[in-house]
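Structures follow.
Look at the two complexes coming up: chain A is in both, with chain B in one and chain C in the other.
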Partner chain A sequence: MEAKKRRTLRIPGSTSILASLISIGVGLIVGLILLYVLNAKAAGGAFISLVTTGFRSTDKFAKMLYQAAPLIMTGLSVGFAFKTGLFNIGATGQYTVGAAFALIGAIQFQLPWYICLLLAFIGGAIWGIFPGLFKALYNVNEVITSIMFNWIAMFAVNLTINNLPMMLAKYWGGAQMDRTANLAQANPSALIPRMGLDVLMKSNYMNISIFIAIIFALISWVILSKTTFGYELKACGYNRNASIYAGINAKRNIVLSMVISGAFAGVGGGLYFLAGTGQYTLVKQLLSAGFNGIPVALLATSNPIGTIFSAFFVSYIQVGGDAMQPDFVKEIIDIIISVIIYLAAFALLTRELLARGKQRRADDAADAMDAIAPAPEAKDEVK
Partner chain B sequence: MNILADIVSATILFMIPLLLVALGGMFSERSGVVNIALEGIMIIGALCSCLFLRYMDSSGFGPAHPQGAMFLAILVSAFSGAIFALLLAFASVNLKADQTIGGTALNMLAPAFAIVLTWAIQGQGQTTILIPTWARITQETLGIAVKDNFFQAFLFKSFYQTTIWAVFLFIIATVLLYKTRFGLRLRACGEHPQAADSVGVNVYRMRYAGVFISGLLGGIGGLAYTLAAGSAFQSTVAGYGFLALAVMIFGNWKPLNILGASLFFALFKILGSYSGSIPFLPKFDNIRASEYIYLMLPYIVTMIVLVLTSKKSRAPKAEGIPYDKGRR
Partner chain C sequence: MNEYVIEMLNITKEFPGIRANDDITLRLRRGEIHALLGENGAGKSTLMSVLFGLYQPEKGVIKKDGEIVRIKDPNDANTLNIGMVHQHFKLVEVFTVLENIILGVEPNKMGFLQKKVARKKVVELSERYGLKIDPDALIENISVGMQQRVEILKMLYRDNDILIFDEPTAVLTPQEIDELMQIMRSFAAEGKSILFITHKLNEIMAVADRCTVLRKGKCIGTVDVKDTDKVKLSRMMVGRDVEFIVTKDDATPGDVVLDVKHLTVPSKSHKNNAVKDVSFQVRAGEIVCLAGIEGNGQTECVYALTGLEKPSAGTITLKGEPIVLIGRKRGKQSAEALGKVKTILMPIRHRSKLGMSHIPEDRQKFGLVLDYSLEQNLVLQRYWEPTFQKSGFIRNLSVRQYAEKLIKQYDIRSGQGPITSARSMSGGNQQKAIVARELDKNPELLVAVQPTRGLDVGAIEYIHHQLIAARDKGKGVFLVSLELDEVVNVSDRILVMYEGEIVGEFDPKKTTVEELGLFMAGAKKQTAERTVH
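== the complex of A and B ==
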């Protein structure tokens, strides 16, 4: 019985980190090869700037943190839904609605930043309800609902902003009709505070958004691994029928999971646009920020704490990718990330192989111990 | 009357990519593999065929034999899409990876690859591939005199070879799925792969075939979309792959329903973009930028229809689950 218990131990986290690191390594090698194929002369320098730019100056480091904050939020959003067995491809729509709520609060109603961020949270949550409700009540696949509501979100936000004349940059003396007002002009109190960090880091990009994002990651971790609610959510994700049999209200959990997931994405939109460095542009294309949450979550295997680091990594090589221009097009970064995700897709396999190797070594050691000492000590050995 | 001809012809033009790609998705999902990579497959198909058309244009073969070159371009789009789709098949069949994750990776890879390749071939900053004007079928192609009547306005406004092939491919796809041994086996693999295996069907090969066919159709769909959307390929298909996925679910994984769903969706989409010039539609004069209301319409209507028909919706039972011989 001891032996059986040992062999069914859960796959430890360390191997899952190792699998992610192996994927990253292979992805970077593919990127390097691609650079050589495209332009052998400039490849070496470009690769070095790809992997070092983020640490080269405080300004670049600050930009990395600035881009990482919304990535963490959308990554948390996608990851949270994954844990409940749902694929939230609608983070883009929730991000857009969150951003719109925050900006309307900031410009139209002249509210301070924390209220705006709360509005972003609410906006994202509202947009998350739909896929959850449609799934729970009508059993409509959440992927299709999310895709539809991404587009509805974009058009609805464009419509709303167009009909609130104060929102547009033109009202505040700007030249453009196609984007929202510059927050520094319209309502400086809605800007996310910098607390002197911008002076310290010598960068306009620096504010406290990264800390807010990390706090949300910790909250998400607590919900998922320390509460009954989180346990129920994960149970629904592993096996819905079994969880229903065990008395868990699966429908309620689906809706709640999507609402929380949407709220995270909404806060991401709020954090990005309340930083004041970007203005919302009225486009007819979905914002890519929400989609970028998917690779972030996958790389972190949906673990909230891992999401922080994977967002840092993605943001870091994005900053590096910008530095490769104009010799190389920055989309090479997307190729590298997609290779990493592709490998992560069968990370489960790699992880199992790694874990099996480790387990075998541990088993051998334990068997050897069994020969000399009684069983309980062997159990400690495995731990 | 001409506006009606415009609307009908535009509807058909935008319906073709949706129909082809959704049929592609159907083959993949009926074999048990969730194909979320349709968007990426479309991009790769469009990229390769547009590059091929450029090459045909500069080599002189294209202007001399426009429809011959176009036919070859369709083949290029189909096979490039299919080869790209094999990446998904490899991950989800051989490596038993999570199909959604593999598909997401391919969706991310395709546009990036398209931009990098377009740069590499056309030089820095050149991110669009122009489609040669001879690709369209006109009255001249068929040797008919140009007349300003309803029929010609409807037929020749934007008529491409992809439209003709789409009709054939739809018929072939329906027959293949329902009237052949192959189709029966494919469906079995999507419903109960263990049972299929027990009677000697090679589940792995069937799933490869399903994904491959979805690549063929998705690639052609990518070319059809690019032809419909404008005069150039810009490394994107604007979410049409995802829309096709929605159309497939909306069409309940059945060819005829998918045909109806894609027509329905395309019609509402075109009504949205023509809303200003259709006399009987309400105008919302006191709302600024009211065109967004109509642009939203196809998505909202689709959601409503999905809710109303949700009781009948039935996905292939084994989709998304990697087939493991040892499990029963």
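== the complex of A and C ==
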């Protein structure tokens, strides 16, 4: 029994999942404590709605799925770059550009939704190229360039949309000055199909975007774990020197990795705004969906399949958080959610701690390994 | 007074699945030099870590002067006057020698550093033991030998009288080794006790009084060095007979495989060139060794050969095909510039396809992706071949089969076979994996840089055999080594490099370690024009 347990722990995946679950647990406990500190009377009820709302009705569940789709995409974006040893903090910029490309395609050029999504993909990819090129050619830290490109993206998109009158809600008879047009009015064919899911789930939020996101997660997983390209990318990420030594074109891979990472984030922007329930607002503020991709990826330890579930979790907490009103004001809820997500994102740290105990033992054991563990024994363990 | 200054009695230290130290007893006499001998993974480091307070043993006690002591951390060890020179020095690069020596025990008056007091003590110590240092030099600017003297002075400054040396000679020249041996003897004569970890038998025979041998975590025995010899010691260590002299037939050099002409490589750390106008050839079926003290341009020379760095001048030809050809800069030689000499810098992958294999100097930095499994590492140079991939998808089954073949053929030992993480493997087996991968590519030229660094006698013997087998199959082998025994034993031709130049070419049968040492230290230089082919 003991031996079996030890063997389970040895599988890297199980450590990751365990680490993520522990982190989530710690995050929730700290969240609960915070609630008590802030408003002890309402804390219990609020916590219950925080953790149960998402499952209370199909409507809430649909909203959770709807918010999860773009989160999966930005999570995949960050995670993909992580695997290559890059920290793509520019997911929000790529997300914004992707959203803008999709919306311009949808409203200005009246294109159908799938073309718009393709445009989002391209837009995000273009925005990923720049930090990639700077990193590959001049070894400029990608964090710095992508942060700058986040702001460039936001202002460029605002400027462009402002100068395309057709894009704005006012043109289509809407009241707001600072918003893009409602897609249902401007171009219904650009809305992501609902395929009856909205009726089934009794929710306006529901469409097929969650499935599209899951398909991208699978694609990302296949690329990373099944292809020579993924093998090269990960080799670059784990040990750039060794990949150069092995003749892998590290520079090309850095750029490609950022392009793919950017494309994922771009699709995220497309999925969110082509749902028709949200309109792009011209504010001087970076969109948070891109940043939320970072904890999503961390919580999933960059695993594409894990990203699906961690995005579900983050989205679930957000939906639950909304239900804590009016006992708690919106800002407080945001803080609580951030604390939970923040601690949950410690998954890497937790995994490190879990692994370190093991690793220390393994390291020391490794010395003795060649002498003490003879080859035939090793064969058993493979099976 | 107790005869033994330190006694480690029945020490047992377990790690999951492995008993790293199994009932080991080691007694250190006052004023003796006691060698601790064992293969990689025999448990030497674990035992010393127990003594230094880094691990707590499951069983057994440590006695100092006959009294049981508990050593919970290195500070406790220091209080007991136990000092250690680690294999990889623990020095602050940007601090001066003096600052490093007093680090942690700075003499001060109300928080103000009393450097003068410290300097006086350090200078005294250095003069008394003949440990030449410059107290004001920065660590990053001084030689490895001097860095080691700084480490020794650190122990002396702390009044340690039990000194642990962890493989201290690995980085030194023969002359420096002799010096160190002298210093160790003078310490012993003064009543200090020395624990000397090594797997070099010559040094044990030369300097140690007694020797404790560990094998597979067990204590094989403690012997008086004067009653034993190298053969007996190595049998105790490995558990079988080991050949010291590598038996090999004479080389029958064939065609030129590698032709290097006027190679110049700029240095990254200083303004001078690291490699200065170097020319040499390697033929099929011979082992050419580039000897020299670390940091004399060998690394840069290899980087230029293998494509990790860009030379600033010269040509390199592999099997008749130019892999590096630096076009001359305009202005300097305008006539040739008009002839449009085009610069060629062949990418690493192409060199590999042309038949170059490379066992890199730093196996963890270059040779392996430590977070990849063994099988993934074994295909690192070949994953793109049709055998291992089909339209971009890795053929896992072929990879697994290939890995299992290599593991069997090269006897690579690991916990879980092909899926073992490279990180969890021992150094010797990591190196075996690299050797397997590079040799199985069936190269025309094998560039092997310090292939036996940090390995034990058994593994060294194995790798030497592999190099010679490759040579006998008609491959060219370019060996870069700091170990003079290896240089003399394995190679067919020796080139000595000093400050970026080849200062001598020798036939290993007609030279001695001492002669090579003089050339390596720059004391001598072959004045006659070396025949540049």
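Just so it is clear, the second predicted complex is superposed on the first by the 317 of 383 C-alpha atoms of A that agree within 3 Å, B and C clash if a C-alpha of one lies under 4 Å from a C-alpha of the other, contacts with A are read in each partner's own complex, and residues count from 1 in each chain.
As a convention for this text, contacts are C-beta pairs under 8 Å (C-beta built on N, C-alpha and C of every residue); 3 or more make two chains touch, one makes a residue touch a chain.
On a predicted model such as this, the values are computed, not experimentally measured, just so you know.
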item	value
Partner chain(s) touched by A:322 [first = chain B, second = chain C, both, neither]	neither
Comparing the two partners chain B and chain C, which touches a greater set of residues in chain A	B
Which of chain B and chain C A:59 touches, first, second, both or neither	neither
First, second, both or neither for A:143, with chain B first and chain C second	first
Touching partner for A:198 - first (chain B), second (chain C), both, neither	neither
Which of chain B and chain C A:159 touches, first, second, both or neither	first
Intersection of the chain A residues that touch chain B with those that touch chain C	none
Interfacial residue positions of chain A with respect to chain B in the complex	34, 38, 87, 89, 134, 138-141, 143-145, 147-152, 155-156, 158-159, 162-163, 284-286, 291, 294-295, 298, 326, 329, 331-335, 337-339, 341-342, 344-346, 348-349
Interface residues, chain A side, partner chain C - complex	6, 226-229, 231, 234-235, 238-239, 241-249, 361-375, 378-379, 381-382
In the complex with chain A, residue positions of chain B that touch it	36, 87, 91, 95-98, 100-102, 104-106, 108-109, 111-113, 115-116, 119-120, 124, 238-239, 242-243, 245-246, 249-250, 287-290, 292-293, 295-296, 299-300, 302-303, 306-307, 310, 313, 315
Residues on chain C engaged by chain A in the complex (per definition of touch)	15-20, 39-43, 45-46, 55, 215-217, 306, 308, 347-352, 358, 360, 365-372, 376, 380-381, 383-384, 389, 392-394, 407, 411, 413-420, 424-426, 428-429
